[in-house]
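Heads up, the next two complexes both have subunit A, just with different partners, subunit B and then subunit C.
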Partner chain A sequence: MGKRVLLADDDQLLASLLNFRLKKGGYEVHHSSNGKEVKEYLKTEMPDIIVSDIMMPYFSGIELIDFVRNELKSNVPIIIISSAGNEQNVLSAFELGANDFITKPVSPTELLVRVAREINKK
Partner chain B sequence: MSISKTTDLIDQLSQLERSVNEFSFEELSADEAKELKNSFNTFRSCLESRIFAPNQNRDSPKKESPMVANKQVVSQKEFITHVSHEIRTPLNSIIGFANLLKEERLTTSQQKKVEAIQFASNTLLKLINEVLDYSKISSGNTCFESLDFKLHGLINDVMFLCEILLVDSKVELIIDIDESVPQVIKGDPSKLSQIILNLVGNSIKFVNRGFIKLGVSVKEVNENNYVLEFSVSDTGIGISKEKINSIFERYSQADNDTYIKYGGTGLGLSITKEIIEKQNGEIEISSVVGKGTMVSFTLPFSKGDLNNLPLEKTNNFDIKEAKKLLEGTDIMVFEDNLMNQHLILEQLTKWGCNVYTNVTLKKGLNILEAKKVDLILMDLKMPNLNGFEVSKVIRSNQNPLISNTPIVAFSADFTEQDGKDCESIGINDFLLKPYTLNDLMSIIIRNKRENTPANEFGSILQKQMIEPKETTVIDLNSLLNDCFGELEMLNELIKLFKTNVLEFMGNVRIHLKTDNLAEIAFSAHKLKASFAMLKAKGMHNLIVELEANCKANDTDKVKELYELFLNDYPLLENNLNIDLEKLNKK
Partner chain C sequence: MIPPRQIKISLITAPEFNLEYLWWLSISFMVLAVLYFIGIFLIRNRITSTNGRTKDKKIEFSPMISEFLFYEDSNSKEEKMNYLNLKIQIRELIKDSFDRRVLTEVLLDLRKDLSGQSQTVLIELYKDLGLHNEAFEKLASRRWQIISSGILELTTMEVMESYGLIIKFINHRQGTIRKQAEIAVVNLKEEGIGFFLDNTKYKISEWQQLKLLDVLRHKTNFEPPLFGLWLTSTNSHVVLFSLRLIKYYRQSDAEKSIITLLKHKKRDIQAEAIDCIKEFFFVSALPTLKMVYSKASIDIKIAILDAIGEIGSKSDVEFIEKLKKKERNFNIKSKVLGTLNKLDPESILPTKNIASSDYFSSEAENNDDVSEVIESIENEITIETPEIISQNIIEIKEDLVEKPNEPIIEEQIVSINSDEHLELAELKINEVERKVDTDVSEEITSVEESVVIDSVSEIELCFLPKVDIDVVEEEEVISINLETVQEDERPLTFDFLPLIISNPSIKEVITSNEDDDFVPLFSLDEDLDIEPIEIENQIDSFQENVIEEIDWTNVLNSNSYQDSEITKEPLISFENETVTFSANFMLEDELDTMVLLENIAEMGDCRELPMLQELLAENTSPLILDRTNELIQKFSYQSPRPNELFSSKNDLVESVFTEVYNHSDKETKLILLQEIKRIGDKKEIQLLESIINTESKTLAISAKSVLKHIKSQIVVTNAEAINTVKNNNPLFDVDFELGLSVASKRMMKSNENGSTIFDQLCSMSNTLYNKING
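Now for the complex of A and B:
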């Protein structure tokens, strides 16, 4: 069975492309477009890796990391998707325990490499 | 007629529009379908009551307070024009998007549903067209058409719609057409479908189990004419003997309890009777309480001629045919409603036209000087730009090649005065919104400039125009690579891209009103990634600048940049559509 990726991104366009590429790469993908949903999902299931946009409605990527590390006490790898000009957010993300980040526009190939690297580290 | 009723009607319309727009074919639950059905029903009866009884109060009289009556400042004619405009605009979207949906790859069942939406919206369109003929209706001289049509096809269409209305019910719809009934007859097809829809629709309300049967047979026949007999029988609750005599009166329902339980305006049957009798037909009703009701009516028709059938029906629109006739036609569109702009761009591009959409006169004239334009489509009533004025300027241009460009006006309403103005300005033709694809195609073919060599239009400006504007440039190749060359995926992504843009425009429109720049910044922030994915550098930069100005709280600059966006995005999308089309053809 393929490794499970939780993809949290409210941009349907980017999410569809990443979803497509991750699936082609042999991953099982669960996509969610808002933070609330992500939270509910994580309470019942823990994926092998989380890829999350930093800016999402209701529940930001930063809150997500905080929730995973401090409430769920999980060490699941987290890769953050950020935009240029958001350096401060990326720093906070690392402080809270994000493992890696990738800047928009996201190259799917690059993301796949990073995902594979994080999973292999485990 | 009170203003509050206008709002009611418009509310119902937007509800209908929402239902249709949000119609998800895969996940249609019984509840959702019911809601669609209810919206449609309310809307239809409301509309009918307005059309056929413009001089009477629509609701039960007790609801109309003297206060409201005093507020009737708008004359009825203006009111009707206003309402019909308000109805046409959303209906335009329903019809347009249903038409577009039809051209996509659909399963048979999805296709049938889209056809049902098309049929329903075309029926509404016909009803609304009658509102415009207000004077005729109010004097009681409703016009009847005399057209050749296929009776069986019409009945199947109507009954299919009824089947949709029958959601979640243990009722069977039966069609029983006698073999002797001719295939093609001549009469008023839209009135006939309205009658059947009213009667079967009525039965649907009162039948919980059993069947509803529509029977058709020939009652009389002579050399040139038929009298056909139609009957709608059901296994519903029935009507008591005391009530049956008054059932055809206006606002009459069998009793108040019926009204409470089943709703409706009580106008349907009286209108139906009126339509039938004005065509020299007869209607009868018989019923047994608890067993069911049978309404039968007769209508005279002339013999039809197979050769006079309209060439194409809207739902069988042949895109290949359109392409043959229109490919390469250069069309300029003045339309500032973004939804409609989007729609017309998509329609015309699919037919292989080169489209220039404009929101400013200056830009339009620049293109006219540089390019061969075969036809101008001009919205007459744009909030920020007067279509009459724009047409005047074009007509008075010194270059005859520009001033002669055919202009077709389109508008959601059209008054007599508008007609005169169009004529005096020299506007060639006009198209009433909402229009069908057939309407659009035939009006373009009728009016477009014939075979004028492109080089006659050459000018120094042409070279400048060939250099595309930076904000309209895109490149799909890298996205296609990211999709591993899978076109299906690319098409899917482009659709999502367009949705993102529409969402952005919606957000900006809402939040500009309240100067909520933080929301606009968020929206812009999200959108810039989409443009980056399409390698639309110029537009990406524009959005980045817009976001920055939101953060700097410079409302004027944000508005200015958004104007630029509105101006250039349609051109970008046009380029996108052309590139995508090329890739799809490969």
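Now for the complex of A and C:
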């Protein structure tokens, strides 16, 4: 059974592509399209890695990191997907405990490599 | 009074209108409204369903596209079969125009979100599926939106074949198409930027320039052409954009062209050329920069100075020195000084608000000398000023005689007491201080002269109230006021004492100031122990010891005393052919009472007599007493006497409601009865009794109720009267109390809410008016 990846992104098309790529890379992917779903999922199950977009409805990627690190007290690796020119958010994400980030436009292959690296680190 | 029903007003005749038309019109509008809502409903449903279908299609296409994007030759045979099947399936799907459109949308969206190999595969898929052909067709459309979207699509998907088609739109008259084409041309091919700069005839907006630069920046392996070639363009926007590109790509090979552009008529190009010169350190541009300086605008002058500061040397100091003397504009002058310091560091030192070194070293040594200087200056000023003032008075008199028909002149004050004058005096004193070491006596003379000149030139003329022009001619109020000497804090400051000048034709007024807070002018009185200073008669004594003669402390501390004195002064007094005006202040209570009396005089009648009697007893002010007595006399003799007012013969005994009641309909009468119940008294009894006897059953019942209520109130009033008497007379001491019913208490309370009978009548009148007018 592959490692579990939580993919949090409200862009259905991109999420579908990344989902496909990650699955093809041997991961078990759970996709959530908004922050609420992510929160509910994390309360029941903790994945091996979280890949989250910064801009999400209800619950942003930054809030998600804060929730995971401070409320759930989990050290699960978190990779943030952010738009180019969103440096301030990226810095905030790192301050709160994000492990890595990748900017849009995303290269699915690159993401796959980064996910693998973070899981290996763990 | 004419009853309302008898008033005949001729109505304006309106043309007859066929009601049938009105019905048709209403029906038409209703049908139109229904059609409108149906239309909106249908369009909304169509948009919703289309969006739903598009979403479903996107979900359907998404795994297919993923399969295509991440297909690898190393896939298993099964996967390869699956890929081939998907390809066939997707080709079938795109035969439908809707599906084709959705697929295009999906690919365009993904193009923005994906990078790397996935992006390349995506673009290949787009072309492989032949979706770009539809974009070509869009270019042939007549609608500018479609053409624009076609160009965008082809640019996004990097369809190089479209370049030839898109360049046609470079000079399209429609701005959106033109701008989209410009970006496409620059984006699609490396030589696109050259083509664009060669051919564009239109303005290139600042935003468009930024977008084009962004496109160029993100082009991989882009080798920029020499943009200096386009500095000769006839399109000034191309020249400007080229200058910016030259600066961005640091192409310094167009030195002469750039220097020539300093002489360009457009300020934007001049500024950009100066920036380039500064950037590339074109020293050869210095003569041209100096040449164009004289005719340049302020911002260009500043830019030129900045450039000279950057690329110039000490040999350019002379030019800048000239500018330093010539330039008057604050910004340019600041820049000139900055440039001078850049070319020759520390050549210009701060000068503003910098005290001389003597100021710090010689302060203690010169204290004694300075004191002497102050004394001499004071003496000189006190001697000189009255003469000057006298001259001014004569001039004013002459003016007044020359213009006898002029309207009233409000104030005449000759004063030297503003802050500016104090500062000027300080400056002069500082000047004296600095020069004391060299030659005290000479400086004293110069200071004396300058102070005298200042005091003359900056005299402020104000004019006091004037009634008679002849009197005003004789009245001049002069005050000279300067700061007190504060030797411990400042090296040399002094205060010109307030001057009061008086002679048979001059009235004295003194202003006092303490720490620059000026108190209002006040009249001096003999009671204040201040000796008047009559300039013309007492010049000699004034020169000698005028300061000692005046008890200023007493003056400054006697404001309250003066206030009380002023109120007792007559408003206008005539003494020695001089008219004196004094403020007549009234206490607040007195003022209120006077206002009340004036209101009573305007609106009151004999019923106010008791109040006036009370006021007469309570007040002692002669003004109030006089006015109260006047009003009592007026109301006592011009109106019915108080004892006549409430007699049965007097009309006033009749209820005020009678007339209104007689002209009202039944409903109004009922309302009126309610109002009578609320505010009526014994005067209404007669009216109520007549209603009970004559009116209909409903009104009679209501009137009975009101009558009963009023009678109960009268009983209460009588009981109160008895209580009052009882309290005053022990004979009425009884061991029980008269009780009031709850309703009576409520009623009393409602009548005690501060409303007068007049207010309540107004309210009732309003209610009736509203009732009558629906």
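Basically, the second predicted complex is superposed on the first by the 122 of 122 C-alpha atoms of A that agree within 3 Å, B and C clash if a C-alpha of one lies under 4 Å from a C-alpha of the other, contacts with A are read in each partner's own complex, and residues count from 1 in each chain.
Methods note: a contact is a pair of C-beta atoms (placed from the backbone, for glycine too) under 8 Å apart; a residue touches a chain by one contact, two chains touch by 3 or more.
Predicted, not measured: the structure shown is a model, and the values here were computed from it.
When the two structures are aligned on the shared chain, A:55 is found in touch with subunit B, with no touch to subunit C. Look at A:110: by the touch rule set out above, it reaches subunit C but stays clear of subunit B. Once the two complexes are laid over each other on the shared chain, residue contacts for A:21 go to subunit B and to subunit C alike.
In the superposition on chain A, A:29 makes contact with neither subunit B nor subunit C.
Shared-chain residue A:10: touches subunit B; no touch with subunit C. According to the touch criterion, the shared surface of subunit A, contacted by subunit B in one complex and subunit C in the other, consists of residues 11-14, 16-17, 20-21, 24, 104-109.
In the complex of the two chains, the subunit A residues touching subunit B come out as 10-14, 16-17, 20-21, 24, 55, 83, 104-109.
Across the complex, subunit C is touched by residues 11-14, 16-17, 20-21, 24, 104-110 of subunit A.
Within the complex, the subunit C residues that touch subunit A are 58-59, 62-63, 65-67, 69-70, 106, 109-110, 112-119. Subunit B meets subunit A in the complex at residues 479, 482-484, 489, 492-493, 496-497, 499-500, 522, 525-526, 528-530, 532-533.
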